[in-house]
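Please find the structures below.
Heads up, the next two complexes both have subunit A, just with different partners, subunit B and then subunit C.
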Partner chain A sequence: MNHHLVLRVVTKILVPVILLFGLYVQFHGDYGPGGGFQAGVIFAAGIILYGLVFGLDAAKQVAPPLIVQRLMAFGVLLYAGVGVVTLALGENYLDYDILHPDLEHHTGQHYGILAVELGVGITVATVMMLLFYGFAGRNFDIKDEDW
Partner chain B sequence: MLDFVTEHLPALQVVVPLIAAPVILLYQKEAFAWGWALLTTWTTFALSGLLVHEVFSQEFISYDLGGWAPPLGIEYRVDAANALVIAIVAGIAALVTTYARKSIQAEVQGRNQPFFYVLLLLCVSGLIGVAITGDAFNLFVFLEISSLSTYTMVALGGRRDRRAYTAAIRYLITGTIGATFYVIGVGLLYMVTGTLNMADLAVSIAGMDNNTTVQAAFAFIVIGLGLKVAIFPLHLWLPNAYTYAPSVVTIFLAATSTKVAVYALMRFLFTVFGIRFDFELDSLAFLFLPLAIMGMFIPSIVAAFQVDVKRLLAYSSVAQIGYMLLGISLATSASLTATSIHLFNHALMKAALFMALGAVMLRLKSTIIDDLAGIGKTMPWTTAGFALGGLSLIGVPLTVGFVSKWLLIQASFASQQPWLAGLIVVSSLIAVVYVWRVVEVAYFSPVPEGRVRQEAPLSMLIPMWVLVAANIYFGIDTDITIRLASLAAEALLGGAP
Partner chain C sequence: MIEEAALQFDVTTAIDIILMIFLLISALAIVVMRHLFSIAMVSGVYSLLSAAFFVNLDAVDVAFTEAAVGAGMSTILILGALLLTSRREKITPNRSAFIPLIVVVVTGAALFYATFDMPNFADPNSPANTDVGLQYIQRNYDDIGVPNIVTSVLASYRGFDTLGETLVVFAAGLSVLVLLGVSSAGRLTGREDET
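Our next item is the complex of A and B:
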């Protein structure tokens, strides 16, 4: 894509904005539309756009597959881990009220949903990236005679 | 500690394998993956034992997830019916993981081996989730968790035979249609009632017999789950998926996944819709019963002509689903007891048979019937295990297969349909034909030249023989299983107030 000057310049301008917007949707999800799932997709779209324009290897340098894969597992563990914390504190699984004593303002619910949504965001973003790596990096190793 | 575990048992039952699965991704070594999966599945099995114990002492356990009270919140509701299914899934998972290592090393590509254990744990979590939840939409979510991991596990067989990929895609498409139909049905029910909690749904739709939306929801849910169950004409995904998946995957799927789907179907038919629902009674009599009978015969006959023994057993599984469906279509307490016990018994026999085949695959690299010549001499323990499992499949007395069929025959007499008993006996005779074909080749064909005695490793023989022993033990001492199965039938029928 070396000759597509406009594409490259626009991408360089857009990618940080997309990533920032992803983070906004992630952390503003409590107050407005959004949340972990949407944020994860937007964040991954930034990386994927970068990969489409500058090549798969460049994207893999920014987000190495090995780390992306570990983060994918980490997101699930973060979500489930919040549940384990509430269990350990003596309430039902994923009952966020126990996380903070201020029940009137539902602060515990707030903390809980923030952590859980972060887990969702991380896992969704990394799964999207891995799907992109998987399809884009696929070499057609199935020869005709193999069938 | 035990109090804590007992109090949060329903949540732990699902969460333990769910949390354990991504941990393997963090440290992808085959030995660690196997050991970790082994620890997890046996823990899950222990938890399911506690759950069964709890259900014997109280009618049902209800757990509010996240502290939100049902019907608004998601409720995990365990009675005898799902405790039985959870125990099947967890027990088979523990034995399969014990058995798996050598077979997976031989059949799955090296770097994919740790991933297999991730998928297995996810699948266990999903299947237990389907069984444990009392929320219709939550059931869909767990159904997808288990199905997606299943499709991938089937595709892992692609190293041995590339047809595994097409089998997996076909399963994916059919399975997704099934799940979509199910969720459409749940959506329609939600439209009418405004609730997703199963117990609450049962109360709300009582007396809505002539509501066409409820009837459409019934049709969508039954067909959707029917695809997952592999009811006779909807079974086309099953034979290829079972044949080309790695042996360990076939063992696990054959013993658990269709069982869980049968449970979900029964839960909807009898607890949510309830047999006072006229539309359902007609469907049971004029749709389920004929399909059950066709299912008992046609796949059995097809099985008798197969050359690949794995495929033969896959068709036999479809036929066995016919028996379960027969119990469902009679819709009495006795017939549901027979179906519930057959869920358990069929899991025992098919797991034992497929484990024997997995051992054959490890040593001979083939399950084509002609290649099995003389394995009675080269692999005596494996072949003996297969033969005993086969006897159980036929329904010979002193095995679990006999218990299932006996109860089913009693149920058909009790329902004033003695001709069904005759059909059950005749279809069992077809099972004699296909089991005999394998036994004949194994014991009475000469050993090919150059083949030496090469028994399967102990790590595979022990789980296999535990299951074979269970086939005989539960065929003689039927106290626990019949008690649990009849409690399950009562829970299914009497669950709706």
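Our next item is the complex of A and C:
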């Protein structure tokens, strides 16, 4: 889409905003609507929009598939790891209260939920990017009139 | 006060009806159209309308997901799949539409019949609002201390479920990786030879 000047300019302006909004949804999920699943998809949508307009190779430079693949597993491990940590500290699996002694303000719960949601967000975002890479990687760019 | 509530109810109902009409129009358009690119776009519109519908029902988290996944990701994936096939749906030879019509009408009637058993919207005595849902709402602040109850149910009360869901997403990504493969260098080669 090299000649679509308007699309390119608008995308350049929009992508940082989308990524920032994804991070906001991720870390504000305790207080407002949203959370890991939504944030992951929004963040991936930013990268995918970039890939759609500037080409798959540009997107792969921003988010290299090798790193994306590893992060995909890291997200799940982060989630499961929080459970292992609580288990090691002598509580039930995924019982976050043990993570912080301040039970009055539920700080442990906040920490646990934040970490777990981050794991969900990372896995969802990377899987979405990988889906895009997998599908888009099978085609050459097509001409506008082919649509 | 009562008048205000009644007015608000009317506005939400009116918006619901308008959105429903739009949903119906886009569904019919998908059935009628033959151009696959337009169908992909209209199904995106359908998802976005559903998201607006969910906002109207105060289910903001669901609306969020519907807008991001339904209107955004699915449309892009359908477009990606579309590139591998032709642009138009083939016109199938005229077959009798009688049996499909019967199936659709019977299924639709059964679904309509089932809605009579459902509780009214926001009914305080419905099972969802009296049993475990009420427990979550009452205990959330003492147990978890997170204002968004959806998040505390998802990540803390039902942390195991969410771990399972994350694993499902991971497995989906893994199977795409195994089946399609993602090269780090760039595009797959091979199609060029055909031209």
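To be clear about the criterion, the second predicted complex is superposed on the first by the 138 of 147 C-alpha atoms of A that agree within 3 Å, B and C clash if a C-alpha of one lies under 4 Å from a C-alpha of the other, contacts with A are read in each partner's own complex, and residues count from 1 in each chain.
Keep in mind that, in the parts below, a contact is a pair of C-beta atoms (placed from the backbone, for glycine too) under 8 Å apart; a residue touches a chain by one contact, two chains touch by 3 or more.
Note that the structure is predicted; figures quoted are calculated from it, not measured.
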item: When subunit B and subunit C are modelled together on subunit A, clash or fit; value: fit
item: Which superposed partner A:Gly83 touches (first subunit B, second subunit C, both, neither); value: both
item: In the superposition, subunit B vs subunit C on subunit A residues touched; value: C
item: Which superposed partner A:Pro16 touches (first subunit B, second subunit C, both, neither); value: neither
item: Partner chain in contact with A:Asp30 - subunit B first, subunit C second, else both or neither; value: second
item: Which superposed partner A:Arg70 touches (first subunit B, second subunit C, both, neither); value: first
item: Subunit B versus subunit C as contact partner of A:Tyr96, first or second or both or neither; value: both
item: Touching partner for A:Leu130 - first (subunit B), second (subunit C), both, neither; value: second
item: After fitting on chain A: smallest Cα gap, subunit B-subunit C, Å; value: 5
item: Residues of subunit A at both interfaces, subunit B in one complex, subunit C in the other; value: 69, 72-73, 76, 80, 83, 93-94, 96, 142, 146-147
item: Interface residues, subunit A side, partner subunit C - complex; value: 25, 29-38, 41-42, 44-45, 48, 52, 56-57, 60, 64-66, 69, 72-73, 75-76, 79-80, 83, 93-94, 96, 105-106, 109-110, 112-113, 116-117, 119-120, 123-124, 126-128, 130-140, 142, 146-147
item: Residues of subunit C that touch subunit A when the two form their complex; value: 37, 60-61, 64-65, 68-69, 72-73, 76-77, 80-81, 83-84, 87, 143-148, 150-152, 154-156, 159-160, 162-163, 165-167, 169-170, 172-174, 176-177, 179-184, 186-188, 191-192
item: Contacting residues of subunit B [partner subunit A, same complex]; value: 8, 11, 15, 18-19, 21-23, 25-26, 63-67, 162
item: Subunit A to subunit B touching residues, read off their complex; value: 69-70, 72-74, 76-77, 80-81, 83-84, 87, 91-97, 142, 146-147
